[in-house]
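In structure tokens below, several structures.
Look for subunit A in each of the two complexes below; its partner is subunit B in the first and subunit C in the second.
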Partner chain A sequence: MRAASRASKTADIWFRVVAGLCASTPVLFLVVIGVVVLIDSIPVIRYMGWHFLTGVNWDLGDMYGNMVVRNGVSAPAGATYGALPYIVGTLASSVLAMLIAIPVSVCTAVILAYRVHGPVKSVFSILVELLAGIPSVVFGLWGMVVLGPWIVHDLGPAINRVLGFIPFLRGSAGTGLGLLNSALVLALMVVPILTATTRDLLEQVPVLYREGGIGLGMTDWEVIRRICLPYVKDGLIGAVALGWGRAMGETMAVLMVGGSGMNALPHTIFSPISTMASVIANQLDSALTDATHLAVHALAELALVLMVLTLITNWLARILVQRSSKTLREGVRA
Partner chain B sequence: MKWNRKQWAGLTASAAVLVTLAGCGSGAGNSDTSNAANSTDNSTSSASSAPVTLNETGSSLLYPLFNSQWIPAYKSVHPNVTINAASTGSGKGISDAVAGNVQIGASDAYMSDALVQQNPSMLNIPLAISAQQIMYNIPGLSADKHLNLSGDVIAKIYMGEIKQWNDPAIAKLNPGVSLPNQPITTIHRSDSSGDTFLFSQYLSDTNSEWNTKYKYNTTISWPSLGNRSIGAKGNDGVVTQLANTKYSIGYVGISWLDKATAQGLGYAALQNKAGKDVLPTKDSIAAAANAMVNQVPDDERISLVYAPGDNSYPIVNFEYAVVNSHQSGDVAQALKDFLQWAIQPNGGNSSQYMDPVHFLPLPSSVEPKSEAQINKIGS
Partner chain C sequence: MGQSLHVRDLKAWYGNHQTLRGISMEIPENRVTAIIGPSGCGKSTFIRCLNRLHETTPQGRVEGKVQLGDADVYEMDAVDVRRVIGMVFQKPNPFPTLSIYDNVAIGLKLGGMRDKSAQFERVEQSLRMAALWDEVKDRLHRPAVALSGGQQQRLCIARALAVQPNVLLMDEPASALDPISTARIEELVLSLKENYTIVIVTHNMQQAARVADKTAFFLNGELIEFGDTTSLFTRPQDNRTEDYITGRFG
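Now for the complex of A and B:
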């Protein structure tokens, strides 16, 4: 064994300090942002209480009029901050987006991993990854100019004809902006992440397993359903959680195609919605001119709720992964 | 002790991390210190030749006037003054000016009473006059025919009390026009906007229910009409959505008038306080501003909306520079010089700068009040 010189010991200490600092930054930033947002939300938590989460009306109040005091917090007259429509808008658009994106991504990934080879495969992979590089504002513009009219004229009537027996899917397509448009645009933005991850996962399935399945007379679909997907399940759940987080936090595209619904929950898939992120972006400038600063605090509490929701989804995904890997191990033991 | 390459790399990396952390920590204070450094520099050096930097943030409507018209023009008159402009939104402009981050906060809306009470040294100085038109997409209505609309009717449309274009209230204002039996879709700005401020002021002035429930602001808690009411981002978003949506109505800043009519949108003649239906023209906008001049208070915070006079267009406003009167030395002088130049008819208010961005010059009779406000700077 080589005796460590003093110089290399010093280097090791430096390495530990630097690596420690670098490794602590994500936690540090998360904690700092969390604390800042929490402290900023306190006045609104006092002003609104739980109604912040259950209220449907959102009004910055009469900033050009008199101020009122409620629960010891001064606010513009008529100010009320009920964030339920935005919470529902965020969850509905992102969940719907994942429902569309997951099957599309998995099918694309299966084709990319197993069916195409050589130059075709690399061209397709590059195209999918390019999709991830498109700025969200471009997706938003496309959603407004192309997707919106298409929903009004074709997709909306088609959904009404085929699935109109479900109340939530029945109704006028309106302007084409709203929940459905947001979900489609979000799905498109999530697909590249999901596809690339799933493709890499599927490529790690040992060839022997797949060949074994084929040797037993399984069809392509059965091999994928019974062997490949169970093999990559953990990674897949992680990828879905990542994509879901992305969809919930996406701001600009939803701001442009969501129709900025306010003061009401979505009645149908065509209703205008706002997400928490888009409300923050839309209203921050007005909030800055609130002499009581309560409007800024209200947006901070929206950020807090969004952060907590994202953490919960990640945590749920983690639990799912743990549970499934446990059953897998038990399965192996049996 | 001899240092090898790895140790140097470690040292550099850790130094970089420390510098980054330090940078993050003092980020908020940075701009203040640099401003302070600027002003002390300037006050110690001689007045005429010292380079001075003025920073402007705020209104996206005023940004083209600053960035592509005034800044190059002023640079040729005062080469030692550098002006930086950024389009951030009016609210950010006001809060930056209050916080002392910038010298000029550009805003479509004047500061509220409560904000002025908190910050008594802030001045609201009108720079130019702007206006807004009500636009609609009604297929089959000829382009040269303008619907007559009143603030009261528009408020009822936005509150969902008038639902169809052929409603008797609209028909009464437009005798002889065949109005479609179609539901109206209302489009409003989703982002914080001076246009929303103006529009909601017109509705507040003309409809008492609107005035009680929604009032006026740069963001309104819009009534939900299902998917017959949507928000769009920016004037460009509103115009796109109007063009995409048949039988829709919306409000658009005057600088977008040509682009919007090119997309087949019509715009309304609006009922003014005298009960006359007026189209937005240079003359009718100027008439409205002139009619309000004698009501302008010393601090110049006033709504020009719904002005009296037969020929006055009802949705007109001042565009403001929000500045702090507490400025020191050369910065104060440079700021005063620039604002003086900006409001002069042969300076920044000349048509060669105003016309390309569709603003109108200030009425000459408000000049003394603006001068008096500008002279407060630095005192």
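Now for the complex of A and C:
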């Protein structure tokens, strides 16, 4: 046997170096972004402490007046950064969006996977996936122009009439921009990816198991509820976590339809809100005029909290998936 | 108790491909009827038409008449049909996310049996009938996928028996199993015919000879010959039947 040529050995060394570099970039970026955001947040962490997470007021202070010094950090007089309304706004709008999106996506996916076939199926699938390609600013515009007035005139009064006995669902629809509008727009943006993933998952359920259910005299719904959904549960949790992460981080659409609520927690489903992402986009311009730079640091800490929240949801989803697949594995071993 | 099945001029298609070309036969109650024939002759399609499973496959279409006792199967609600005509499939398919107990109990739960002790009793009875009880009684709440292939297939039989159907359709129930498991399934079939009408599809002629009272030979979607198992195997009336059972084709 002849030894490999020098050229092929050199090529292999190059390949290893390049592949190693490429493979480490995602980790590198995650670490670098995390560290940068963390370092950027330090002045505000020192200035605000835990009140950053519990405070309700966000005030850049008198940027043309005197500066004050607290805990060794100089800030414009009266500056205070309380992010709680934005944390709540982010969680409330994204959770509400997922509550709307999950049933819609699962039902659509069931129809796509099992009920329609041939050309109808491909056309329908393409339409759903096209929805994912619409830029978020277009969703935002649609939310302002179409959804807002509809909430004011129809949906808001209807919710008040039917579910008005629940305090959180009772109140004036205001301008139609707010938590509900954000949730609906976010739901619409999450539905395509959730539907496509769920459809692919459902198509992987072996027909053998579905026929087992049908042959046992189960109705369509029972087959889906008892056999198909449990079978795809792990994947579904993953898809929901992904969609949730996307809904939490969505910026433009929520900036447009959220109503830019500041300095107050949402007290009804119609209240104006801001999310962490939309505040960062909204406030960056004025924050840059702060001579002490503390306002920018405050936005960096918002980004940090948003990142941590997204990581936590992903991590929770991972734990859920691991737990349920572990019980399945243990079963096989027994 | 079992009920008889009357099949009149049954035709079935997958898209444009016709797999059954007008089958008529009387399947007697409380007997084992075997369907034999080469691959692709339509024997599986035939029993999948009896419990209206064929129509759930994309592009599956059926014409003709199937009667269970006096009731027209194609006039009944399809879900109700499948509760009185149970089915065991070629590959064992216990529901992978459910425990052994729940695999058998799920049909009862969905059928509205709420009483836990009645449920447990029926599960035990079904598992005993399927000759599985002694092997699983200590681990009823383990996942069903932990069982061996032969045990899984007997679990599927118990699952089908639990809802107390009149007819049990078996689509090559032992083809994926080893010889010992196969023998157990065959014993089971013989013991069950007392209470059920059994239709069993098999590509194994010895199996048909061992378990069936009557045997039907299918070829290219047609019923070539149908009669008592012994006479069909010893004195076939049709040349094609003779060619098949003597191993000249298929």
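Brief remarks follow.
Note that the second predicted complex is superposed on the first by the 316 of 334 C-alpha atoms of A that agree within 3 Å, B and C clash if a C-alpha of one lies under 4 Å from a C-alpha of the other, contacts with A are read in each partner's own complex, and residues count from 1 in each chain.
Note that in this section contacts are C-beta pairs under 8 Å (C-beta built on N, C-alpha and C of every residue); 3 or more make two chains touch, one makes a residue touch a chain.
In this text, all values refer to a predicted model and were calculated from it rather than measured experimentally.
With both structures placed on the common chain, the touch criterion links A:P230 to subunit C but leaves subunit B unconnected. Using the contact criterion defined above for the overlaid structures, shared-chain residue A:M218 touches subunit C, although it does not reach subunit B. Contacts of A:V31 after superposition on the shared chain: neither subunit B nor subunit C is touched. Of the two partner chains, subunit B is the only one touched by A:H267; subunit C is not. When the shared chain is aligned, subunit C comes close enough to touch A:L208, but subunit B does not. Of the two partners subunit B and subunit C, more residues of subunit A are touched by B. Contacts of A:I166 after superposition on the shared chain: neither subunit B nor subunit C is touched.
Of the two partner chains placed around the shared chain by superposition, neither subunit B nor subunit C is touched by A:L311. Within the superposed three-chain model, A:M256 lies in touch with subunit B and out of touch with subunit C [touch as defined at top]. When the two complexes are laid over each other on chain A, subunit A has no residue in contact with both subunit B and subunit C.
Considering their complex, residues 117, 206, 208-209, 211-219, 222, 226-227, 230-231, 233, 327-328, 331-334 of subunit A touch subunit C.
On the side of subunit C, the complex with subunit A involves touching residues 51, 53, 56, 58-59, 79-83, 86-87, 89, 91, 93-98, 106-107, 110-111, 139, 142-143, 145-146, 156, 159-160, 163. Put simply, subunit B touches subunit A in their complex at residues 1-4, 6-7, 10-11, 13-14, 17, 21, 88-92, 94-95, 109, 111-115, 117-118, 185, 187, 190-192, 215-219, 221-224, 226-233, 237, 240-241, 244-245, 248. For subunit A in complex with subunit B, the touching residues are 6-8, 10-11, 14-15, 17-18, 21-22, 57-60, 62-65, 67, 76, 78, 144-145, 148-149, 152, 171-178, 255-256, 259-264, 267-268, 270-272, 274, 278, 281-289, 291-292.
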